[in-house]
Each structure stands twice: as structure tokens, then as C-alpha cells.
Amino acid sequence: MGTFIARRTGQGVLTIAILAVLVFLLSRVTGDPLNTLVPIEATPAQRENIARQLGLDKPLYEQFFVYIGSLLTGDFGVSFTHRVPVSDLFAERIFNSLALVVPAFVIVVILGPVLGVIGATSRFTVVRKAVLIFATLGIALPVFWIGLVLVRFFAVQLGWLPASRMGDWTHYVLPVASLSLMMIAGMMRLVRSGMLDSLGRDYIKLARITGVSERSIRWKHALRNSLSSAVAFLGVYMSLLVAGTTVVEKVFAWPGVGLLLYDGVVARNYPLVQGIILISAVMVVALNAVFDVLQAYLDPKIRLGA
Amino acid sequence: MTAAPSAVSTESDAAAEPPALLSVRNLRKHFPLRGSWPWSKSRGVVKAVDGVSFDLGEQQTLAIVGESGCGKSTTARLLLQLGEPTSGDVLFKGDGIWQLERSAQRTYRRSVQAVFQDPSSALSPRRRVKNIVTEPLMTIEGLRGSDAHARIGDLLAPVGLTPDVADRFPHQLSGGMKQRVAIAQALATRPSVIVLDEPVSALDVSTSAEILNLLKRIQGDFGVSYVLITHNLATVRYLAHQVAAMYLGTIVEKGSNSEIFHNATHPYTLALMSASIPREEASAGRERIILEGDIPSPVNPPTGCRFHTRCWLAQSLGNPQRCRTEEPQLHQISGTHRAACHFPAEAVASPQRKALIDSLTEPPAEGGE
Amino acid sequence: MTAQLTMPPVDPVAIDTPKPRRRRFPLRRLPWTAIIIIVAFLAAGLFAPLLAPFDPYTPSLGDRLQPPSAEHWLGTDTLGRDLLSRLIFGARVTLVVVMIALAVSAAVGIAIGVIAGFFRGKVDTVISRTVDAMLAIPSIFVALALAAARGPGQASVVIAVSIVLWARFARVIRSDVLSLTEQDFIAQAQVTGCSRTRTMLIHILPNVLNSVMVLLSINMGYVIMLEASLSFLGAGIPPPTPSWGAMVSEGQNYIGVAWWVSIMPGIAIALIVLALNVFGDWLRDYLDPRTRDAV
């Protein structure tokens, strides 16, 4: 187990390293690097000043070392427009984002498998078909579109729920729903097909013969084996979740990290974008690693395999 | 033995050995065992081939027999230069093949070709027969595509295929036809040696008979030598002029076809021959020699004689110390016949061997042929 | 023992050639709906100027935000442009971007995958770790960084997608090549004098084509979605060029009064992504020898 954790951690570090290099290259290699490090409204004199300060006259690898050094000490740059370290901005906003992500995650983890099981085993064909359609659509419909549809329907037409910004609990419903819908569909699909696969296997038939209740078969035996791939899915889904959060925050004008990122991109505020990306990536990769370790703990095949 | 249409002569026993086309000297191939990272510590060495020597003459067939894992396939691959030996050498017409410069390398490639075991995986699945068969002409002889394809008729005829097969894909052919294609490809550069790695193991009995006949005919028509790797002694008896038996990386017995089949001496060879007696005959009262125990790992071959842990002769002699401590060398039994055993006389005199030879020289029971 | 081999020598003349068994193409089982949608998408992309009833670029402020009608089948957008025409031209834009991005990623990914699988050893270890690392990076980050660095645009999207996508190809192709190289015909190629380059090009590459086709169809949907998300965020294809994602964004503030501006493009995105997913799944099952008969 220890070697697995070590190996997995190493892999995570490598991922971050590659991303850091990538981000560095993107800023230095595309056009005038100064554009990414100096606000557009700066005077030529200011630009020169900053260029010297940042050591842009030095060779590329020296700049790289400086860059890595600052990252390792937690300095993720300073935003152009806010004139405040990116890490501070991030810390301010992260909880707002988490306020969406965590509930969505919980919903997905609970509802996803449940709906998946129902979709595989319900007596009513209608129900099974409905679940299948829901799952198939869910992964094809763009997140932002879902959000807007929900807004149109619940906010505008029915006037039940507010359309944007943070506030009381009503403000949470639509954004969280949009975010969950995206993930639930994927989860459902996996659990459902895992269930269908398990249910055909011999050990299930054996369980039935030995008198295990249908309910127990469904919810315990067959489900257990589909969960492994579902957990794997969660790890993979982190990436899409990041994209989804960014988009949902834009749709709902939700003051989280995603919206910050969006503003940064639109304003060509490179340090802000770079900083957010790197910090978020560290979080995502770390979470992924934790998931993998958890999975390996539960499933010995993974631990001992490749 | 019953009359077989084999042309294997017994003259070669007494006459001087023909000049060697291929000469293998003390070939060794050790594979280090490592962890998954290329730079982790070595965990031992698999001694797949551990000191093999033999000669191959012109228009001769040398068969290498043994159980799986004895190193015969690895030896074959070394002959084909698929990998480098840990030590030892292979001489082709007197020159070491790993010391050749480029043009001589090409000559070697031209002269030594191969036919692999399973024609389904040995023919490139997405290429047509005509491309497969002419490939050596393009790579080794440097012919251009059109020139090479013009010779398709000449390449397919010797293996008994008509030119309309040329446009087919391998999966459209039967097993026997696929193997003919493989042979045609091997024959394309008119090599001096063809290495046959279990050429008929993947084929059914009647098809394998056809292919063996074909191989024999080709040897006559084209003067090619074969290195035949197989575990099937009937094939060996039919095709081989010389036979070598391998166990755990070394040759334990070698000699001419008749020396081995009439006069096998090494306990392992005897066990192999005993195992190939058809079940019907064996159950009719003739006992087989059964080897007990697991095959030792090639990472840790037994001390002394490698075979002593499973040797029925050693057991019947009360596990002599010599077998456990001293590795026997190949010494001459007669003519070109050599065996690596400390107790050849006892082997010859043993009742098991007598029973085996008896069963091999008797005519087949009723219902045969 | 030798008795078994005393069959009369068979004169090795040609045996009957088996007729080539042509598999009857299972026309009935094709995912027709998906194929129709995909063809429609391709047609829209290729023949946009011929198919679109209106010019997608010219604003017509008098006709702003018209609901779907006989004249404008899908309504008009915030600048009075016909939505249907913009959708059709949007298909063209998406198609171009996606095709180029896929082509580049596939070329790079396949090459790297073949090298990793063929040479194995240290080369493979390094490549595999890099591939795994790249796959763990959220794709949208790279795209957003690029957009922030050099501004939005078609080139930015293509570059960003290529950077992110090649690893997917590399991983699958590598695993294909690993199992291919264990088959005898690769050893045979070497014996027959094939150089390594020739072996990779002639023997290995044709055998990974199946996987490539599946990967292309499955990832096309992913790329379309990614491009749409980027355009929605303003980091993709900038106005006035029509892009489905951007169109959804344009209509966001008018969702109450003119829902069609946002909803229609979204439906288009969903349709093509869905169709591509279904087709990709079918293709995978069709090409896999094990599930082939079930298809």
C-alpha cells in the first residue's frame, strides 16, 4: 500500500509540474511575453521597468527557475486589475465555489447510484426508459445550456427561484441543480450498465437460489461491483467538474473562483488566470490522488496491478 | 522401424561430418529479472540458454527437441539475430554473425530465414499475400515493388499455391495455406537455412502431414538446411538428419537421427520418447516413463546435473552423489552420438529403456494405419 | 510411432482457394438516427452558403429578437440575424476547428503511442508517465490559459485542444501496439529484414486504424462540447463569427423574452454530441471482433 501511495503521489506531482511548465511556456512563447505580465495600459517606461524587474532580459531557463521558485513559496502572482496576490483572491472566493460544488457532489454520490440501480432494475419499463433517456441526455446537454433552461423555466416563467447571485437558500437551488445534472447523468450511466452487467452473472443467480432477497441482491450484491467503476468515474470527473463550475458561475453570476477565472480570461489578466489555474490544479490533482488511493484500498486488484 | 518414406541415410553416422554452414559455440542467453522500473535492482537471472553448441551442414536438418521452457525457442531467436547472446557465438560459414559489417549482415539475413509457429499471428493481418511474400525481396534485396511483384508466380509455385491467392488476406486462407504462405516468404531470398519454430503444431494432423512433405520436398529442390524446433518426435523422425535434445538451457543429448531413435541413451531423451507413444499402445501394458516433480526454474537450475531432480535413472540408482554435485559434459557414445550423463551404461541397460525400445520396434497394434 | 507419417506424399499442387467470405454489412443495425444527424451536421458545415436562407453576419436591427416564424424558422437573435442561418454557419466554424484539432492531436498522439509501444523500456516509461500526467490536467485550464495569453480565436482553440487531446490517442494506441508487438509477425518482419521504421509504418500502423476510428468519433463529441464551452465563456471563437457556444452566451440576458436565442444553439450542440456518442459506441462494438456478432 505504501508503494502505491508513493507512486501515486509522484504521479500527481509530475502532473502539476507539467502543467506549470505548460503555463509558463504559454505565457512566454505566445507573442510578446510582456503582454501577459504587464497591464495593457502601462506606459512604455513602466513596461521596461517591469521587464527588468521580472528579469525578462535574462535567459529563458533563468526565468523558469524564478517562476518555479515563486510557485514553491506560494507566490502565485498578482492580479493586474485587483493589485492583490492571486492567492488572496482565491482564498476569498473558494468557499463560495465550494458552496456549490459540495452539495452537488453529495447529491451526485447519493442520487447517482440510486437512480442507476432503479434504471437497471425497476419493474416498470417506463421508469427504466426514462432513466436511460435522462442519463443519455445529461451527458450530451451542455452545462451552460441546462443552467439557462432551468433559469428560463423556474426563474422567469414560474418565478419561483431567483436567477442569479448569492443570497438565501433559494439562490442555491438552480446553480446546484445545474451542476449536479451534469454529473448525475454520467454516474447513472455507469452504475446502470455496471448493474446490468453484474445482474447477468452467475453469482447473482446463485444468490437468488440461496434465497437472498431481491432487494438485497439489488442494493448490496450487484451494486457493490458497479461501485468500483463509479468511484473511478468520480476521479475522472473532477476535470469536467472544474469546467462545469466555471460555466455555472458565469451563468448565475455566482461570486466564486470560476467567475473570477472567467473575468480574468476576458480581461486578459494573465497572472490571475495562471494563478487560479495552478492553485485549482493542485487541488484537483490532490483530490484525484486521494480518490485513487481510496479506490486502491478498497480494491486490491488496483493496488497490485500496473 | 516400419517403412517410412524418409530418405534419411544412415551413412552419415559413419562418414565424416559435412562442413558446417552454421556453427553454434557455447551460446548463452541470460535474461535479468528486474522490477517494473528499468533501474530497479536485479532479482536474479533467467538462464534461458546456458551453453549450447552444435553444427549444421548443408541440406541438413537439425532438430532441437525438448519441453516448453527448455530454451529451444530462445536459441532459435538468437540464430535469427532477434536479440544478442550473453556470451558465445554463432558462426555462419566461419564468420561470427554479430561481428559482421553491414553488407555481410545483409547476406546473413538473406541466407537465414524463419517460419513461425502460428500462421494466424505470424502473417501481417492487413497485408495481402503478394505483399507478404515479396517483402524480403524489397527489404533485403532492395527490389522495387513492381519488380518484386512480378516474381510472385515463382515464389508461390514451390509451395503449391496458385497465383490467385496473391490478392487475398491471411484471414481468408485456411491454416495450411497460411503456413504455405509463410514458407513462401521464407523461401523468397533462396536462403541457405530456414529456422522452423514448431511449423506444424498449430495445424491439424492431415494438414501437418502435407506441410511436412512440402518441407521435405523443398529441402531436396532448393538444397536448404533446416533448424527444426519442436516437441513432436514424429516430426523429428521424419525430417531430421541430426537431433539435439535440450533441457533447461543445455543440450543433454545429440546425434544423428538413427543414433537417437535406435540408441537413445540420456534418461531425459528416453522420457521424451516414452511420452510420445500413443496412449493406446501405452495402456496395452507398456509402461511409460513418467517424470516426477516440477520443472525447476531456469533462474535456479539444480546443482550438478540439471536433470537429477526428476531423473528416473538417478532415482533407481539411489540418487548418486555424482549426479547431485557434478554437471555431466557431453561425451561420445559412438560416432556422432553424444550424451551428457554420468551413467550411460546403466541407462542403456535399464529395464525401462528396454521396454521403450521394444515398443518402438514392434509393429503397430491392430487398427493402426 | 513413425507409422503415423507414412501417408503418401501429397503432391503439393494448389488446393481449392476458399471463396473470400464477404461479411454482409448489417444495414439494418446501423444507428440511423445518429448517422442522419451527423450527416446533416457535415452537410451544414460543407454547404453552409448554399443552405442558409440569410446572411449570418449582417445585423438587421429592426428584426431583433423575433420569435420563430414562417420567415425565420428559428427566430432572430439580438442583432436581428436569422438564427437558423447562424446555426448553419456555426456548424461550419465548429467543423473546421474540430477537424483540424482532431487531425493534429491524432497525428501526434498516434506517433507517440506507436513509439512508446514499439520501443518499450525507458522510452515507454517516460512517455507513459507524461501521458498519464497530461490526462489528469483539466482540459479547460489549458484552453483558458491560452485564451488569456494570446486572446480568443480559432487558432487558440485548435492549439489548446491539440495540447490536451493527443494524450488520449497516445494511451490507447500504445496499448494496442503493446499487444501487437507480441505477435509473431513483428518478429517475422525483423527476420525478413524490415527496418524499425518500416515495421512501424507498414506492419503496425495499419493495424491500429480501427482504434483510431473509434477514438476519432468518440472524441469529436468531446471537442465540440469543449469548444462550445470555451466560446460560451468568451475564450473561444469571438464575434461576429457564429459559434454555437457563443450564441448561447449572447442570448443569456434575454432568456426571459427571447428564449430561442439561447435554447436553439444548445439543442444543436446536444444533438450532435449525442449522435457522435451513439455512433462512436456503435463503431466500437462493430470493430471489436468479440462483440461484432452482437452488432
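The first chain written gets the first letter, and so on, giving A, B and C; residue counts start at 1 in each chain.
Convention: contacts are C-beta pairs under 8 Å (C-beta built on N, C-alpha and C of every residue); 3 or more make two chains touch, one makes a residue touch a chain.
As the structure is a computational prediction, the values presented were derived from the model and not from experiment.
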Chain whose Cα centroid lies at the greatest distance from that of subunit B: A
Middle chain, criterion being Cα centroid separation: C
Computed distance of Cα centres, subunit C from subunit B, in Å: 49
Averaged-CA centre spacing for the pair subunit C and subunit A, given as whole angstrom: 23
Approximate Å spacing (C-alpha centroids) for the pair subunit A, subunit B: 59
Residues within subunit A bordering two or more other chains: none
Subunit A to subunit C touching residues, read off their complex: 11-12, 14-15, 17-19, 22-23, 26-27, 30-31, 35-36, 136-137, 139-145, 148-149, 151-152, 156, 238-240, 242-243, 246-247, 250-251, 261-262, 264-266, 268-270, 273-274, 277, 280-281, 284-285, 288
Residues of subunit B defined as touching subunit C within the complex: 1-5, 37-38, 77, 80-82, 106, 109-110, 112-114, 116-118, 121-127, 135-136, 139-140, 159-162, 164-165, 168, 172-174, 176-177, 180, 182, 185, 205-206, 209-210, 212-214, 216-217, 233-234, 237-238, 276-278, 360, 364, 368-369
Residues of subunit C defined as touching subunit A within the complex: 129-130, 132-134, 136-142, 144-151, 163, 221, 225-226, 228-229, 232-235, 245, 248-249, 251-252, 255-256, 259, 262-263, 265-266, 269-271, 273-274, 277
Touch list for subunit C against partner subunit B, complex: 1-7, 9-15, 17-18, 20-21, 121-122, 125, 183-185, 187-195, 198, 202-203, 206-207
